[in-house]
Amino acid sequence: MAIKDLPVEECYIPGCAACPGCPATMALRVVYKALGRNTVKIIPACCTAVIESLHPHTSFDIPTMNIAFEAAAAGASGVEAGFRMQGKTDITVVAWAGDGGTYDIGIQALSGALERNTNFIYICYNNEIYSNTGIQRSGATPYGAWTTTTVTGKTEFRKEMGEIIQAHHIPYAAQTCIAYPEDLFKKLQKAKSIHGPKYVEIMAPCPPGWRFPMEKTVEMGTMAVETGAWALYEVENDKVTFNGRSKLILEGKIERKPIEDWIKYQGRFRHLFKPKKDIKRIKAIEDHIDQMWERYRKCYQ
Amino acid sequence: MAIKDLPVEECYIPGCAACPGCPATMALRVVYKALGRNTVKIIPACCTAVIESLHPHTSFDIPTMNIAFEAAAAGASGVEAGFRMQGKTDITVVAWAGDGGTYDIGIQALSGALERNTNFIYICYNNEIYSNTGIQRSGATPYGAWTTTTVTGKTEFRKEMGEIIQAHHIPYAAQTCIAYPEDLFKKLQKAKSIHGPKYVEIMAPCPPGWRFPMEKTVEMGTMAVETGAWALYEVENDKVTFNGRSKLILEGKIERKPIEDWIKYQGRFRHLFKPKKDIKRIKAIEDHIDQMWERYRKCYQ
Amino acid sequence: MKKYDVVTTISYPKKGAMGKTGNWRVFRPILDKKKCVKCLRCWIYCPEATIIRNKDDSVDIDYVYCKGCGICANVCKVKAITLEREGKKK
Amino acid sequence: MKKYDVVTTISYPKKGAMGKTGNWRVFRPILDKKKCVKCLRCWIYCPEATIIRNKDDSVDIDYVYCKGCGICANVCKVKAITLEREGKKK
Amino acid sequence: MTSADLVEIVFHGRGGQGAVTAANLLVAAALKDGNKGVQAFPFFGAERRGAPVRAFARISHDEIHLRSEVYTPDIVIVLDESIMDIVDVLKGLKKNGKILINTRAKPGEFDFSKKFIVATVDATGVALKHDILIGGMPVVNTPILGAVPKILNRVTLKSIQGIVRSKWKGELAEQNVKATQNAYDAVVVKS
Amino acid sequence: MTSADLVEIVFHGRGGQGAVTAANLLVAAALKDGNKGVQAFPFFGAERRGAPVRAFARISHDEIHLRSEVYTPDIVIVLDESIMDIVDVLKGLKKNGKILINTRAKPGEFDFSKKFIVATVDATGVALKHDILIGGMPVVNTPILGAVPKILNRVTLKSIQGIVRSKWKGELAEQNVKATQNAYDAVVVKS
Amino acid sequence: MSEVMIDTGNYIAAKAAVLCKPDVVAAYPITPQTTLVEGIAKYLATGEYKGEYICVESEHSAMAACIGASATGVRTFTGTSSHGLLLMHEMLHWASLARLPVIMCNINRVVGPGWNIWADENDSISQRDTGWIQFYCSSNQEIFDTVIQSFKLGEHEKISLPVMISYNAFILSHTSMPVYLTDQKDVDAFLPKRKPKWKLDPDNPITFGNIILPAEYEKVRFDMQKSHEYAKKLIPEISKEWKQRFGRYHGDLLEFYKCDGADYILLSMGAIGAESKVAVDNLRKEGLKVGLARVRCFRPFPREEIQKLSKKAGLIVIDRNISPGMEGALFTEVKASLYGYTDAKVYGFIAGLGGKDVPFGDIEKMCKKVVNSKAKHLEWFGLKGV
Amino acid sequence: MSEVMIDTGNYIAAKAAVLCKPDVVAAYPITPQTTLVEGIAKYLATGEYKGEYICVESEHSAMAACIGASATGVRTFTGTSSHGLLLMHEMLHWASLARLPVIMCNINRVVGPGWNIWADENDSISQRDTGWIQFYCSSNQEIFDTVIQSFKLGEHEKISLPVMISYNAFILSHTSMPVYLTDQKDVDAFLPKRKPKWKLDPDNPITFGNIILPAEYEKVRFDMQKSHEYAKKLIPEISKEWKQRFGRYHGDLLEFYKCDGADYILLSMGAIGAESKVAVDNLRKEGLKVGLARVRCFRPFPREEIQKLSKKAGLIVIDRNISPGMEGALFTEVKASLYGYTDAKVYGFIAGLGGKDVPFGDIEKMCKKVVNSKAKHLEWFGLKGV
């Protein structure tokens, strides 16, 4: 699949409230292309609740319901049941949430919806922070990163949401990244074609949140994958397949790039380089990624 | 370690409100023996909140705080911090919750506490139902089991909490069972000796909930392990070790017993045997356990 | 035990917090000391802590609180404990 | 589009729901059609959907809403898009 | 002070014996018998197997507005005589009140038979005879209901049996029906 | 109708230009200069890079009880002149009100200079000159404050510079201080 | 005549709900609501209930799922109690501001800690500011009738608001009483199909609930208030229609009992409201002119009806709740309603907190205290040992 | 003289909290509270705050963690707003019934949907039945002083209750104003070490919060009420002590402004309470005898103080909240307090819902409507297009 093959039709309408260079709208465009108009979206509090723009207008051209921060997946269970009871089983029900709404405050509703087999797609766009509220730590924030609530760098490692999701043994789960629109598109199309709960997580580098220039969103995504900080893979009924670069890394066909290559371009890691390079913490990050790949190799190869 | 080696001292006081044959009190006695008096316990709504008996009396001889159903782990984070700020770092902080309070309504607080590295032991006694409210389905209820909310048998498989916990990469996690008090004792002692978040889950067959005679609690636990429906293992810093019978099963040294041997003694599965044997559903249960062991073998051997 | 001077739900440890739960018993476990091999299985599995472990690892039953679940009888491998229907009068 | 008769927060799709966001622009992407190889990278990556994909896969820029993030210029491998500081008057 | 025709009943039993079911069946029968106002309710708490439990019933010709507990019953029904050692079953029983006990003893053997009208029936024996068992234990709550019409003319045995038939099916129902008849025939009332 | 000595100011800029910081620094300086009552606050909404933003300041000799928005400013400060094409910066400006604009143009070039007192200063140029840049972009919010004392005698350049020094450290502070001085010297006021 | 069913309040509520054919029920168990949910589960197993029953993992999610389902235009129902209701708090606001007519039974139970499963109305009274319509029932028949009526009310085009039907823990939820049922076809005839005011619909891609500016939000609140005001008219209409169709009637916003010529009128709710009838009977027999106005509907608050009452008699208010730092909520709102309108005497009692039984004898004593001019402005009745 | 700090309400609150040396802070971010939490995080990074800051995963857990920490006997603090507060609802009840003096700032923000981050007091007013003491501040100085005072109040042995300090979104939370600080040593001297009424302690193995029977639970409620009543005495004492020590004073339960000889007294809260002073100044200049009694403390409700006021003047109440189906909560409770006590005229206005600005001119108009006898009993002020 090439970029050219992606549909022209847009359900995202220009002129919204997103920051320039926003990864969320970048992803949303592709998501809408993959899912089509017969889709209903539930979104909890997150940047997207601002992005959609002010009442009485909206920048989204598919029906969208905002719901409380912790309630996206539960709301989706209700929406799905509501449509099903009306015989409208062709509508794709999507919950679209940030990492905060997924890893932290929304994990319970999500875990519940997966367990009770709700037929929906849960999409997490992961910018590794609470960006809507002005950059606080989330469960997805990586070790060492500055946020307004981790002023000297986060002291814990991020949750491995991918593994947590896999432990739920749902029919389809995938990790992708805004820098790979074809990958994103394919994964969502596949998710759409499968019955039951699906989970897709999109790595979404956020310029103001990570402190990089707004034109670099795509590069930051590419580097996340190339350094191995983020892996592209999909899981169908417990069968794991790595994709693209990540597959090559898994198979040892290419080396993953050093993590420094990525984090040094992000203001949120500045304190690891200035005034003095914090070798210990950088190594801790590197080691942690190594361990992750070791696990991947052990179970998924 | 033999039974004789377990301490005589009791922090559980006879004359409480538990049903005769209760697995929770059976486990609690051993837990208290393992942790000793310098322990503080937080319990959410669950049978234990009844077991402890009526105000102004209590059947527990260690300080115990009841907290809302979904809040055990969060409460524990607070308790731990409170003691630490007073320099009382020798107190073991324990959250003790049922499977409902762990798999379902409490999973968010739990996941959060694990991510933020709270130094505590979270113990889940898993009787596979909401027993305190009169036997409703929980995320831990196995496929096919009757409860008052799954009148014809549950249609979903239970959450694999053990795997979800492992995905959190905490320093120590373990599964044990009331039928193996030495195993339980050892695991809790080990948990106590490790800093950071620890998780221990105890299989706890419940006579009224599972509909078996009250003298059979221990046998039901043994059979859970021998049929492989439940595995005894521990995970230290991502290293998994299987214990006892489960180790032998993992290593293929013994066959796990057919699941029928266990479920046919439980009234909650009666509809799978009467009026006609429901071979399909029994096989589904059997297959599911097979898959689980396959996964275990793949990653943990 | 210090009593706190505050009107909220503070409770203090007490034996028989729910009363003499031995009253709930329908079956009564009877121990035959002669058969007992002091394996302590009944002691560790009793959900009520009503099997008393003596210094010499012999056991006794606390009938005031024993709820009569029968687990002790069931786990005893030498059948040193048997169950008897409770009589009209204790 | 049907309008619902209810006083709650119902909103309807609109181009420029936040106004003419082209006004936010500090830098202006300038497309050199001659250099363009129609790879459509700028189109798919533009976070604003303000790269217009024409029938022939050539592209145009919708300056009314383009926020000037510069991503299109950055992802164009043939440098067919360049950024210019916005002038005093548009 | 409430409606003069109101009858208030307290059931005593053990967790697992079905005192609440007994109260429910009784008032359902009473309704059939033209008592327009009926109520049945448990004492509100966690019921544990073997532990003493209580249930309540009210029967009246008019709609019952009462929502409070029964403090001064007209009738006490004891499903398990051993409960009498640990619970004061006579508490609040009205002067000239009646007490029906599942026992092999005769009314006169109870010293309170001087103060109250005592009725006795061996409901356990009846249950065993009709093979009404759950988990090997005799079920006494339906049999004992059969004795009630003898001390309370507001409910007929027929209605009780009708309710039993609507609650259970086939063989089981008939066994229970027979048991009620048996208990009805066997009850000894002494005033 | 409020206290006569109250001065109300509106700042216009773009997200990322630091209009709120400017308002905060200004009132901190005003406080130093003996204005006991001061206030600074943003227009309350999500600030996006490049999008028009507003901030407000109030300066008074007495405690300020006002909590409402500024509707009729005495002074308007425009950090980015291009904003004037899309926002009506003169909205509510009092008769004889003042407007300070970051521009290379002279006051007379603005047609509203007939109605209002217009002051202009090339704060962007000043910033570039003193190398006050963030991410390659000139920072204009501190420089332009240097021009304020010329149109508002309630705040002194000295206090503004003092506040700048307490907010930043070392080299950066000095560059900023110099920039304020520069702007102060360069501003052109026409009434 | 219609069929009589004798069962507990919870099973009756389940029966009523199922007759209304909700498309989606999402609920989470909590004592003493469990048997209500179990009732629905049973009807599902027997096929009598044909909708979807979503077993959620918390009450917060139960309400979220109901909101999601309701937003697709279908009929929804749920039930909870006490801590479950408290955990829903955020979503209660959500449902009402979204104007979604979720219908919910709440079994009034004490709020912990300590744990206490008995009757007390603090749980639902604490929700008085969430925008929900609130009924309090005093018999199983009223539960049955009110559940069905509530669907008509909440889904009415001029209302479009969620409705909470509260009844006391155990005293009603677990007490069997005879109830006259309404046939399915009669319920169908009484209850129009829901016509949603808005819905999620790919053919009409609206966005619900995005950012709304102050002036517009204010209108949302005002419209909500207008609907509450309208409900005060509609509730009596629905009660009347119900009475005409089925012959049963429990009052409108208030239920009056022996109020004619009363010197004092008792205002009470829930189970105490029923028990009060016994007290009134007894007091009347003793020659004391006391009547009862049982408060069926607490939201919208029956201001005008209470004003009317106060023209005739003094008022005695019993609250099974307390707003700490103030007083009983009914007492407060009654007085607020009357202020500047009458100078009728109004006395308040707090009774039955924590599930303490409030038998008719106690109610009589309260009334007598008032009648004999021995009552204080506000009193905690029967409090011992403090 | 003490140091002046010029900063936003949130940073001022953080500063005050840190001066009180809470051992544990557990909080979750929400606009517009975030800068408060960030303030604490910064003080933690600089070492000025030496306690533990628990980054929880939700507000429900934030309050649960504060409860857990407080139960070990230490001092705790948190902050939230709007939906965060609503999500805490269950745990708010928990903290108060457990008698744990958790101190919390709440930044009053509109409740959604739709999303709206501006000022409106429905969030905290909806918590009026949870047992918390509630303050409403109208300046950054008052925030600073009230946070410190609240620790003394909540932890007082006769109180032992949690305290909520509310202030308006943005209007205070994000507005910089000069504030006189109190030195650390002075705060230390003012604020005694917490002496917990009960605590988790291996040497004293109590169980907290198990099942409690009705009669005992009723006592728990009564004692709570007694403490609220006592707080009405203690709050003025603490204010007085504060004034004596530091010379600053914002009123007791109410703050009076130009009430002498007033024909009408305005009752308002929060930011409107400050803006009202400007309105009163202006009205007085015009010769209208209007004063202001700003409600600082809503729980316990200042019943007696308002009764006293009503003897002198008619009352004009402005509510930035509404209890749908009733009216503004302040209006209700004022009238309830006065019922049977006076026949003073009382008028209500609802204004500023959804964060709509309420400038002094509007307040003047409301007052003039009353003075000129053109006011209705209750009016939504300035509502357009409905």
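Note that the chains are named A, B, C, D, E, F, G and H in the order they appear, and that numbering of residues resets to 1 at the start of each chain.
Assume contacts are C-beta pairs under 8 Å (C-beta built on N, C-alpha and C of every residue); 3 or more make two chains touch, one makes a residue touch a chain.
Everything quoted here is computed from the prediction, not taken from an experiment.
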item: Set of chains whose contacts include both chain F and chain E; value: none
item: Two chains sharing the most contacts, counting C-beta pairs only; value: G-H
item: Remotest chain, chain B as reference, centres from CA atoms; value: F
item: Far-end chain from chain C, centres as C-alpha averages; value: F
item: Length of the line joining the C-alpha centres of chain D and chain F, rounded to whole Å; value: 32
item: Centre distance in Å when chain A and chain H are each reduced to the mean of their C-alpha atoms; value: 39
item: Sites on chain G at which at least two other chains make contact; value: 55, 57-58, 60, 83, 87, 90, 94, 97-98, 112-115, 117-118, 204-213, 216-217, 219-220, 222-224, 355, 357, 386
item: Two or more partner chains touched - positions in chain C; value: 7-13, 20-21, 24-25, 67-68
item: Junction residues of chain A, two or more chains touched; value: 17-18, 20, 49-50, 52-56, 58, 60-61, 66-68, 70, 104-105, 107-108, 111-112, 115-116, 139, 213-214
item: All pairs of touching chains, each written as two labels joined by a dash; value: A-B, A-D, A-F, A-G, A-H, B-C, B-E, B-G, B-H, C-E, C-G, C-H, D-F, D-G, D-H, E-G, F-H, G-H
item: Chain A - residues contacting chain F, complex; value: 17-20, 50, 208, 213-214
item: Interfacial residue positions of chain C with respect to chain E in the complex; value: 20-21, 23-26, 67-68, 86, 88-90
item: Footprint of chain E on chain G - complex, ascending; value: 4, 6, 8, 32, 117-118, 138-139, 168-172, 174-178, 271-272, 274-275, 277-278, 282, 285, 355, 357-360
item: Chain H partner contacts - residues on chain A that touch it in the complex; value: 45, 49-50, 55, 66-70, 104-105, 107, 130, 132-134, 136-137, 139, 148-152
item: Parts of chain D lying in touch with chain A, wherever the complex brings them together; value: 9-21, 24-25, 39-41, 43-50, 53, 57, 62, 64-71, 73-75, 83
